[in-house]
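What follows is a set of structures for review.
There are two complexes below, and they share chain A, which is joined by chain B in the first and by chain C in the second.
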Partner chain A sequence: MIPAVEFQSVSRHFGATRAVDAVDLTIAEGAFFAMLGPSGSGKTTCLRLISGFEQPTSGTIRIFGADVSNTAPHLRHVNTVFQDYALFPHMTVRDNVAYGLMVKGMGRAQRYAKAEEMLALVHLDSYGNRKPAQLSGGQRQRVALARALVNEPRVLLLDEPLGALDLKLREAMQDELKSLQRRLGITFVFVTHDQSEALSMADSLAVFNDGRIAQIGTPAEIYAHPKTRFVADFVGSSNLLPPALTQSLGGPARWSSLRPEALHPSGTGPITGTVTALRYLGSGNRVTLTTQGQTIAALLPATDAPEIGSTLTLTFAPTALHVMDEA
Partner chain B sequence: MTSAVRPTRTLADRLTTIFWRKPGLLLLLLITPPLLWLGVVYLGSLAALLLQSFYSIDEFSGLVVREFTLKTYAELLRPSNYDVILRTLAMAIAVTAASAIAAFPIAYYAARYARGRWKAAFYLGIMLPLWSSYLVKVYAWKLILAKEGILTWAATATHTGWLIDAALQLPGIGGNSLSTSYIGTFLVFTYVWLPYMILPMQASLERVPTTMLEASADLGATAAQTFRTVTLPLALPGIIAGSIFTFSLTLGDYIIPSIIGTSASFIGMAVYQLQGTAGNVPLAAAFAVVPIVIMLIYLTLARKAGAFDAL
Partner chain C sequence: MRSDASFPLKAAAFAGLAFLHLPILLIFLYAFTTEDRSFAFPPPGLTLKWFAVAWNRPDIWPPLLLSLKVATLSTAMALILGTLVSAAMSRTRFFGRDQLSLLIILPLALPGVITGISLRSAFATLDIPYSTLTIILGHATFCIVIVYNNAVARFRRLSGGILEASADLGANSFQTFRHILLPNLASALLAGGMLAFALSFDEVIVTTFTAGQQATLPIWMLEELVRPRQRPVTNVVAMVVFLATFFPILAAYYLTRGGGETAGGGK
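Showing the complex of A and B:
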C-alpha cells in the first residue's frame, strides 16, 4: 500500500537553526497520526512541510506516492485546520465552508448544498448565516473542520486542534474527532504538545525532539517501551533511574524507567525511602519519596495517605522496570 | 500591629480617591475641552458656513442679503460653476484611484515583509516628505515638470521625449508642458497625498493574519483569488480611510491647481476667489458645502457596498 505521507531524510533549516533535521517518516493511509513534542521540536514545521507552507531545505516529501517538493499549497490534496482556525471574518459560516468549492468555480446552489452537508456533519446545521464572530470557540473549531473537509482532502492536517478549548470541550472534541476520522476514513495528522491528547487520540505517533524524531510507534508501545530518557520523561510521567539504581533493583547497568502507577506499598520491597511530598489528585495520591539520593514518585490509592517524613516501602512487578536502549 | 489602611496624606491621595469612587468624573474632565473645541469652534463654524450658503448676494450693490433662499445653490448649476465642480470631482477620483494603486504594493510590502530596521526606514520614507513645507514641494515639482525641467531633460537624454510629447498631445488633459497641463496637476496631487493613502492601508493590511492567507491557499485558491476574496475585503476599511484623505484633500485644495496646471478653476480656488476679491461669501459657502456633500454620498455608497463590514 502506498503510504499517505512519506518523508525521506527531510530537513528544514532556518539559517543556523535546524527546525527539522533529516527526518524519515511514513504515515499509513487511514491513520490517525500524532506528532508530539515540546515547542520548538519541529513538529509544526513538519506539518507545514506537508501542507506546503514550508519548503524542505533538502530531502523528498511524497503524498500518496507523488513528489510534492515543487507543488504549491493550493495544488495539494491536503487541507489544514489551523490553530487559530483562520476563519474569514467578513464571510458567513456558510461562505467560509463553501470557500474551497467557490475558488474551484462550483455554482452557488451546488456549493451551498455541500456546505450545509458539511455543517450537518459537525452538528452546526442551523449556523450557516452567522458570522464567525458570533460563534463560541468550540463552534469556530467545527466550522474550521467543516471548511477543511469540504474539499474531500486525502490527508487532513490539524495544528494543535484542541489547544484553545477548555477541558470539558476538549474531551468531547477528542471523541468526536476520533469518530469523524473513523467514519470518513481520511488520514488525519495532528500536532500537539499534550502527551495525553496524543496517547488518547492517535493510533500511531511520532515523538519529536530537537528537530528529530525520537521514537515512532503506537501509543501503547511508546508508553510502555520508551527508547530514550526524553521519550520516557515527555510521554506520561516517569521515574528515570540511573544505571546504578537500575542495577540495585535487579536490572542491568543502564538507564531505566519506572511508571509511578506501577509502584505499590508493601511490607517488604526493593525501594524504601522517606516521604517528602504528597499531592491529592482526587483519583489518588501522588507520593514523592527519597531513596539513595534519588526522588521517586508513586501513584497510590486515595485511601493511602502516608505522613510526610514517614518511611515507606514500595514494590513493583519485575516487568514494570523498563530498561532503555540508551546507555 | 500596623493598620490595613494608609492615612490619606496628600492632595493627590484625595484626588485619586475621588476619581476611584467616581470613574466618570475623570473621563468628563478629560473629554470636556476637546468636546468644546469640536462642538463649538469646529461644528459651530461649519453651521455658520451652512447658514451663509442659504443667503444670497444682491447683484447691484454687492451686499449680502440675509434672507433664506436657494438661489445661491441654483447658481452652482450655472455651466461655468458646474464645470468647476465636475473638473474637481474628476481630478479627485483620478488622484484617489492612482494613489490607491501606487500605495498598495508599498503598504503590502511594509505590512508583510518589512521588519525591524526596514520597517523604521519605511515609516521614515513615508513621513519625511510630510515634514517639509507643502509649498516648497509644489514649487519643486513646478521646476521638475517645466519644459526646461529635469524630466524633459532626462527624457531627451534617454530618447524617450516622444513619450512626454505623446502624453501632452492627449486631448483634454494635455497641454504645452507638463507643468501647465492637467497631467501635471494630477501628478503633483498624487505625489503630495500618497502618504495619506499608504499609512491607513498599511495599518489595515497589518491586521490581516498570515494564517488567513495560508487558509485561503490551503483551500485551493490561487494568489489572485486570495487577493480578491480575502486580502482586499479585509484591507478595504483602510483603503476607504486612505481614500477619504486623498479624495477630500484634493476636493478642497486650491494651491496646487493655482501653481501647476492650466489655471482652470477648482472648487478650492473658486472658494478662495469668491470670498476674497469677489466678496461673494454666500456662493463661496455654497461651493464649500459641495465637497462635504460629495464625501457624504461617497461614504454612504462605500457603506452600502460593505466596505466597513470587516471593521
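Showing the complex of A and C:
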C-alpha cells in the first residue's frame, strides 16, 4: 500500500538552526497520526513541510507516492486546520466553508449546498449566516474543520487543534475528532505538545526532540517501551533510574524507566526510602520518596497515605523495569 | 464610565480648542463681510455676494483643477506604492528592518523645506522640467508615507494565518489578494487615501519648490493675500478648501476608529 505521507531524510534548516534534521517518516493511509514534542522540537515545521508552507532544505516528501517537495501549497490535496483557526473575518461562516470550492470555480448554489452539508457534519447547521466573531472558540474550531474537510482532502493536517479550548471542551472535541476520522477514513496528522492528547487520540505517533524523531510507534509501545530517557520523561510521567540504581534493582548497568503506577507497597521490596512529599490526587496519592540519593515517585491507592518522614518499602513486577537502549 | 475632569482642566481644554479653531471661524466670518479692503472687526455688514464673485472669477478655476488633479494622481500613486511597501515590510523580517521602516516614514517627519529643496535639486540634476508631474512626485513623497502607515497597521492586525489558510484551501495568489487581502485592507486604504488627498490638496511648501509657472490653489491664495483686491474672495475659497479637506479627514477618522491607526495626520 502506498503511504499517505512519506519523508525521506527530510531536513529543513533556518540558517544554523536545524529545525528538522534528516527525518524519515511514513504515515499509513487512514491513520490518525500524532506528532508530539516540546515547542521547538520540529513537529510544527514537519506539518508545514507537508502542507507546503515550508520547503525542505534537502530530502524528499511524497504524498500518496507523488513527490511534492517543491509543490506550492494550493496544488496539494492536503488541507490544514490552523492553530488559531485563521477564519476569514469578513466572511460569513457559510462563505468561509465554501471558500475552497469557490476558488475552484464551483457555482454558488452547489457550493453552498456542500457547505451546509459540512456544517451539519460538525453540528453547526444553523450558523451559516454568522460571522466568525460571533462564535465561541469551540464553534470556530468546528468551522475551521468544516472549511478544511469540504475540499475532501486526502490528508487533513491539524496544528494544535485543541490548544485554545478549555478542558471540558477539549475532551469532548477529542472524542468527536476521533469519531469523525473513523467515519471519513481520511488520514489525520496532528501536532500537539500534550502527551495525554497524543496517547488518547492517535493510533500511531512520532515523538520529536531537537528536530529529530526520538521514537515512532503506537501509543502503547511508546508508553511501555520508551527508547530514550527523553521519551520516557516526556510521554507520561516516569522515574528515570541511572545505571547504578538499575543494577541494584536487578537490571543491567544502563538507564531504565519505572512508571509510578507500577510501584506497590510491600514488606520486603527492593526499594526502601524516606517519604519526602505526598500529593492527594483524588483517585490516589502520589508519594515521593528518596532512596540512594534518587527521588522516586509512586502512585498509591487513596487509602495508602504514608506519613512524611516515614520509611516506605516498594516493590514492582520485574517486567515493569524498562531498560532503555541509551547507555 | 464617566470621567469627571476638574474645572481648571476643562477650562484649559476649552482654551486650547478656542486657540485652534477661532481663527478658522474668523475666516468663515470674513467670507460674508461687506467690506473688502481691510478686515475690520466686527464686519460692518454681511453679504453672500462674494460667493458669486468667486464663482465668476476665471483665475480661480485653473488652480482649483490643478490641485484636484495633483491630489488625485499623487494619492493614486501613493496607494499603489504605499501598499506594496507595507506588504513587503510586514511579511518579512530581516537585518535592518527597523532602520528601513524609519527611512520610509522620514519624508513625513522631514521639514517640507528640506523635501522641497532636495527634490528641486534632484529634478534640476536630472534635467526634469518643473511641471505638474514634478508637483505630483513631490506630493507623493509624503502621501506614500500616510498610506504606508495606515496599511502597515492593518497588516499588523491581520492574522497572517488567513493568507496561508487561503492558499491552503487552493487559492492562487491573485485569488488570495482579491478575496482575502483586499477586503481586509480596503477601509485602511480608503482612510489612508483620503488623508493623503487632503494633505496634498493644501500643501504649500513642497509645491513652491517643485512647481514651475503653475499655481495650485493654496499658492494662488497666498498670492491673493499679497494683492489686496476683493479680499473676501480668498476667504470664500479658504472655506471651500477647509470643507474639501475636512470631510475626507473626518471620514478617515470614522473608518479606522477603534484601531488607533490613523497615523501620520500631521504634515
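Going forward, the second predicted complex is superposed on the first by the 327 of 327 C-alpha atoms of A that agree within 3 Å, B and C clash if a C-alpha of one lies under 4 Å from a C-alpha of the other, contacts with A are read in each partner's own complex, and residues count from 1 in each chain.
Rule of thumb we're sticking to: contacts are C-beta pairs under 8 Å (C-beta built on N, C-alpha and C of every residue); 3 or more make two chains touch, one makes a residue touch a chain.
Only a predicted model underlies this, so the values are computations on that prediction, with no experimental measurement involved.
A.B. asks: Assess the superposed three-chain arrangement around chain A: do chain B and chain C clash, or do they fit?
C.D. replies: In the superposition, chain B runs into chain C.
A.B. asks: Looking at A:Lys104, would you say it contacts chain B, chain C, both, or neither? Reply first, second, both or neither.
C.D. replies: So A:Lys104 meets both chain B and chain C here.
A.B. asks: Taking the superposition as given, does A:Arg183 touch the first partner, chain B, the second, chain C, both, or neither?
C.D. replies: Neither: A:Arg183 stays clear of chain B and chain C.
A.B. asks: Examine A:Asn79 and indicate which partner it touches, taking first as chain B and second as chain C; both and neither are also allowed.
C.D. replies: Both partners, chain B and chain C.
A.B. asks: Could you look at A:Lys168 and tell me whether it touches chain B, chain C, both or neither (first, second, both, neither)?
C.D. replies: In the superposed model, A:Lys168 contacts neither chain B nor chain C.
A.B. asks: Which positions of chain A sit in both the chain B and the chain C interface?
C.D. replies: Dual-contact residues (chain A): 51, 53, 72-74, 78-80, 82-84, 86-90, 99-100, 102-104, 147-148, 151.
A.B. asks: Considering only the defined contacts, which chain A positions touch chain C in the complex?
C.D. replies: Per the stated touch rule, the residues are 51, 53, 72-74, 78-80, 82-90, 99-100, 102-104, 147-148, 151.
A.B. asks: If you look only at chain A, which of its residues touch chain B in the complex?
C.D. replies: 51-53, 72-75, 78-80, 82-84, 86-90, 99-100, 102-104, 147-148, 151
A.B. asks: Quick check on the complex: what are the chain B residues that touch chain A?
C.D. replies: Residues 209, 211-212, 214-222, 225, 229-230, 233-234, 306, 309-310 of chain B touch chain A in their complex.
A.B. asks: Would you mind writing out the residues of chain C in touch with chain A in their complex?
C.D. replies: 159, 161-162, 164-172, 175, 179-180, 183-184
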